[in-house]
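In the two complexes below, chain A is the common chain; its partner is chain B in one and chain C in the other.
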Partner chain A sequence: MATSKTTDAVAAPVFERSYDTEALAANRRRRRNKARAKKLGLHLILLGLLFVMLYPVIWMVFSSLRPENEIFADLGLIPDTWTLQNYITGWNLFGDKTFGVFFVNSFIICALAIIGNLVACSMAAYAFARLNFRFKWFWFALMLGTIMLPIHAQLIPQYVFFLKIGWVNTILPLVVPKFLATDAFFIFLMVQFMRSLPRELEEAATIDGATYWQRYWRIILPLTMPALATTAVFTFINTYNDFFGQLIYLTEIDKMTVPVALRLFLDPSGGTSSYGGMFAMVLVSIGPVLGFFLASQRLLVRGIATTGFK
Partner chain B sequence: MKPGPGPEKSAVTPAPQGAAVLPSGRAVPAGRAGTNIRRLENRAAYMFLIPWLAGLFGITIIPVTVSLYLSFTDYNVLSAPTWVGLENYEKLISGDRRYENSLWVTLKFVGYSVPLVLVFSLTVAVVLNRGLAGLAIYRSLFYVPSLIGASVGIGLLWYQVFGERGVFNDLLGLFGFEGRSWVTNPRYALSTVIALNVWTFGASMVIFLAALRQIPDSYYEAASIDGANGWQKFRRITLPLLTPVIFFNMVLLTIQSFQSFTQAFVISRGTGGPVDSTLLYTVYLYQRAFQHLEMGYASAMAWVLLIAIALFTALIFWSAKYWVFYGDK
Partner chain C sequence: MARVSLQNLTKTYAGGYLRAVDGLNVDIADGEFLVLVGPSGCGKSTALRMIAGLEDITDGAVWIGDQFVNDVHPKDRDIAMVFQNYALYPHMSVFDNIAFALQISQMPRSEIDARVREAARILELTDYLKRRPGHLSGGQRQRVAMGRAIVRNPSVFLMDEPLSNLDAKLRVQMRAEIHSLQHRLGVTTIYVTHDQTEAMTMGDRVALLKDGVLQQVDRPTDIYNRPANTFVAAFIGSPTMNLYHAAIDGGPTLKLGSSDIRIPQSVFDARPGLSRYKGKPLIAGIRPEDIGDAATAPQRDPSRELTAKVELFEDLGSDTLVHLGVDAQAAEVRSSDSLDEIKSNDAKGRCIARFTAKSEVAIDQTVTVQLDTERLHFFDAETGEAIWT
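Showing the complex of A and B:
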């Protein structure tokens, strides 16, 4: 009797625990609720951080839509009276040269820079990724080295040279280097991509008598589309945002691009009196970058990730 | 995809050492045909490289060399450069208080920016990687500052945000602190530039996120079975496996931060002020070269910058063997 009781006592908890589905379910529910609460907490923290980070931009959006004299009047975030007047003022702030001129100048430079980078970088990348030639690794190492080189080390002789041949205040110093594949970063990006393409395609074309140029143009380039698109987007953003180069080479007002023109707001005697106009133009100026990003964001994010550490 | 049938196919032989190889890795027949193909390929490759080679020499190597020459001269663009030997460098080492100051400002800027960006981007990436819903949306939103942070427009906005009547003071007001103008105060102006740089941590975060996805779930499952808690999993699995990417981001950020220009320039209204407190190296270089037309002196500055960046990068590479973990060890 006694022995059977002890065995019962030992066996009972095990027996109970493994078959008490209700307790198990409650336990699972409690754990799931805890995990859910934790996730909710994380969401709140992330949203809070995002709100703080993006608040200045949100504030600028509303400020640009209220009358000039209300911007710093502590009236809360949302304007009482809505107006587009700041956009009109800002657009025409610099006399007969409106922001339309600056945007056209910026877009011309961006378009040519994109074409230059796509053509020149992909040609170099094709040679590095798919062809064998003498001193290949020497050139490749040199190419990687130029990625890290600070532009300041080349800047002054370049400037003097472009000045002497009369290229200052033209778009040429900003555009011609792109056609010479000086953005080696994009060569590297495309080399990485082209290396992963199957060799058999090119071989089939070779047997059919395709030249090297045809292999590059007809076979490799179409397959490299994702890397080309990434290059185009990044080139646009970098060129559009570039300030240093444009500041140095474009000094006449009708040649100015958007960033150089925005700089005129810095001038105490210039447009700083119109904060509303300035905010409006800042917002208009970041519009194209955000638009490009939204249109291509999946591609872009993947691009950063692959160039990042592959 | 298989190559179509052709007469060449039957002529395929194993590749002798060093022979030309078809794209698929099969050998080109030895003998004259083989060397011809190799020679053709060599020539074709150099044809493809012509634009890049022209740029490499014309836009990069020759200017960098000329810049070294100019750094030993006195040159104002209008008249021919005159050789002054080491004078520019001597002046850099002793005799230019603004230069000395700009070095400290730059070191402070890099020294604060890089670690802060790394901590922020890694933390947010790890949090986002815990299977939260809406990852793609979060990732895009956190990336937005990186897109626009380098623009003149955001610099102008920043000047307002940290101005006397700016948004930042409104925020401080909520907690009962009294605000001031941060951008015109020499003690705080550089902090606002650093804050703007840290604001753009999204680009590094995206790289961390991609790396986090490569860590197999099985590692964490095994650790859970062994009873590891969240912090232990992060400390013993995530962090070691991420060190190569931390290293990569650190190199990238250091090189970028040393060359940072636009934000300090815009926030200080082109002066590097107040009292030179935001006079980053590149801002000072710009002033010397393009406002004072001291091209020789600025070239010397550029070369010091080049060497400084190379040294710091080398230092990070050297340190890597002590803290970067590669799986095969």
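Showing the complex of A and C:
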């Protein structure tokens, strides 16, 4: 075949390359040293700031390990005498009940709140993400609007309501609402996540004969796992750390939770306060939340990253 | 197995303003492989989704077998669908993906196991049953999607561009596999694609849609050789058919620009209606493979030759696509509905011819080409409809 292609070879230009390798190496060394010094300085500043912020906690750790009478007498960090007595008195301060009771109470409320949020919020989210019903967008906006409502505005009407139906001094006001999908933030989190799942998956399942419930339970829920994990972690931390709600609804000592019980160590009316015991129990109570957070950190980050909340 | 009948099937959006599918009438015989083809946005996927029950039907009827299924739930239509992105459940193993429908219908475990293994054997997936879809190649995922469809023994397969996510080589392979599988199982299949090669090679019949309107439904050879209008003529075939504004005068000769091409009597015999167009404008079409290099022709015949300048050529090895500049007014097809859209380009028409590899061409060379006048196509210049009777 006669083509009109050009076949003349064009001579590639040859570049003469020469480097002063010594100078280049010296330059590289200088740059590296400069970067290293900069990094070191930055780290020192950050470590300093960290120490300032952590100092109260560190002080508390050491204070829990010194005798009660030394706590405010000696404001230095390192105790003269080391003792575990505060942990023993703190744990056994409440007569026949140990501090363990409060942990059990806290864990029961946390577990129920997590189950409630996972079940109810995911179901509500599925409805908003995939089902069609009348005024869907109105209800969705209303649901999101509740995020903006400050908790203090709801507190008194809620309290009155729970008082009237006789739920005060039970864990019901803290747990039952979670089963009614009241945490709008988590619903929103899951709606966004579910919307990102391909619609074809459900269409395929529909043709395969799956009902709404089967689609939710067998297709959507397993794929929403990262968002569910995020919800579980946040619910645990929020519930475990919730002081206010538990304070107003739980009044009897054997129903109290950890944050409420920690308050009992101090007597605001001028009686005896056990600061040593309180410091010791505060440290013990940090344990579960810290452990839970560390164990689920990876899930948490993945959940937030995949829901577009970056 | 069942026949499927679409009667005046219509889907409108935005309160009737947008007609995605407009009065579609097709009968698909039991065991037939029908391909719905058309440019993107022509309504072919919407039509398929209406048959599946995933989309509400605005008007018309869908019959599957003897059952009127407009209001029947997708699961009760006895269909299986293969999606473009396969829609495999990512958290389930291949086994569970294939077995899902059977598990939902609460079939005994031993039977599920037997059926899934049989499907896996047919599709050569036996070694992958425990894997998750994420650990499979594109072709294997495609096969799992097929497995999910065949395991249920449905009366109808619906496939929505199932090969468009595969690379070119795998697509050719899977095309053959799906075709032979359908042939073996004898299940009525409706297959949506925008790829005319798939349409031509796989379908027993091809239905061509444009803007929701059915243009033609025919066997692939008929749709290729007897296109109903200029749109079909231009859509099917690659490279596309060359279309020109032309006229026939008494000779009988075809006036194509300044060239006169003699039309044999056999063409008039096949198209009685053509004699009415003598002296009137029409659109003449010829496929690239019907334009040959006169230099390599076994027999020269000046009455069906014209000269043209080579603008570009693409050497495909087996043959050469030659882009020629010809002295004729090209008819650009955008729509078959009205004259406005059968627009003319500039007077210098382009033409693509398929020369055999023996031809020698160079850019800017003037060549003489020979037309296979028996295979000319003629269309009404106003409506774009093919001229037959």
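Heads up, the rule we're going with is that the second predicted complex is superposed on the first by the 261 of 310 C-alpha atoms of A that agree within 3 Å, B and C clash if a C-alpha of one lies under 4 Å from a C-alpha of the other, contacts with A are read in each partner's own complex, and residues count from 1 in each chain.
Methods note: contacts are C-beta pairs under 8 Å (C-beta built on N, C-alpha and C of every residue); 3 or more make two chains touch, one makes a residue touch a chain.
In this text the structure is predicted, and so the values were computed from the model without any measurement.
When the two complexes are overlaid on their common chain A, residue A:K39 makes contact with chain B while staying clear of chain C. Looking at the shared chain after the overlay, A:P56 reaches chain B, while chain C stays out of its contact range. In the superposition on chain A, contact is made by A:A204 with both chain B and chain C. When the two structures are aligned on the shared chain, A:F244 is found in touch with chain B, with no touch to chain C. Of the two partner chains placed by superposition, only chain C is touched by A:I219; chain B is not. Of the two partner chains placed around the shared chain by superposition, chain B is the only one that A:F265 touches, whereas chain C remains out of contact.
In the overlay built on the shared chain, the residue A:Q158 is in contact with chain B alone; chain C does not reach it. Considering which of chain B and chain C touches more of chain A, the answer is B.
In the superposed model, A:A26 makes contact with neither chain B nor chain C. Shared contact residues of chain A, touching chain B in one structure and chain C in the other: 198, 200-201, 203-204, 206-208.
For chain A in complex with chain C, the residues that touch the partner chain are 1-4, 198, 200-201, 203-210, 214, 218-219, 222-223. Chain B meets chain A in the complex at residues 1-4, 6, 8-9, 20-25, 38, 40-42, 44-49, 51-52, 54-56, 58-60, 62-64, 66-67, 70, 77, 124, 127-128, 130, 132-134, 136, 138-145, 147-148, 150-154, 156-158, 160-161, 165, 167, 170, 199, 203, 206-207, 209-211, 244-245, 248, 255, 258-259, 261-262, 265-266, 269-270, 282, 285-286, 289-290, 295, 298-299, 301-303, 305-306, 309, 313. On chain A, the positions that touch chain B within their shared complex are 39, 42-43, 45-46, 49-50, 53-57, 59-60, 72, 74, 119-121, 123-124, 126-127, 130-134, 136, 139, 142-143, 146, 148-161, 163, 177, 179-182, 187, 198-204, 206-208, 212-213, 216, 237, 241, 243-244, 248, 258-260, 262-263, 265-266, 268, 275, 278-279, 281-283, 285-286, 289-290, 293, 297-298, 301, 304-306, 308-309. Of all residues in chain C, only 52-54, 74-75, 79-81, 83-85, 87, 89-91, 100-101, 104-105, 148, 152, 315, 320, 357, 360-363 touch chain A in the complex they form.
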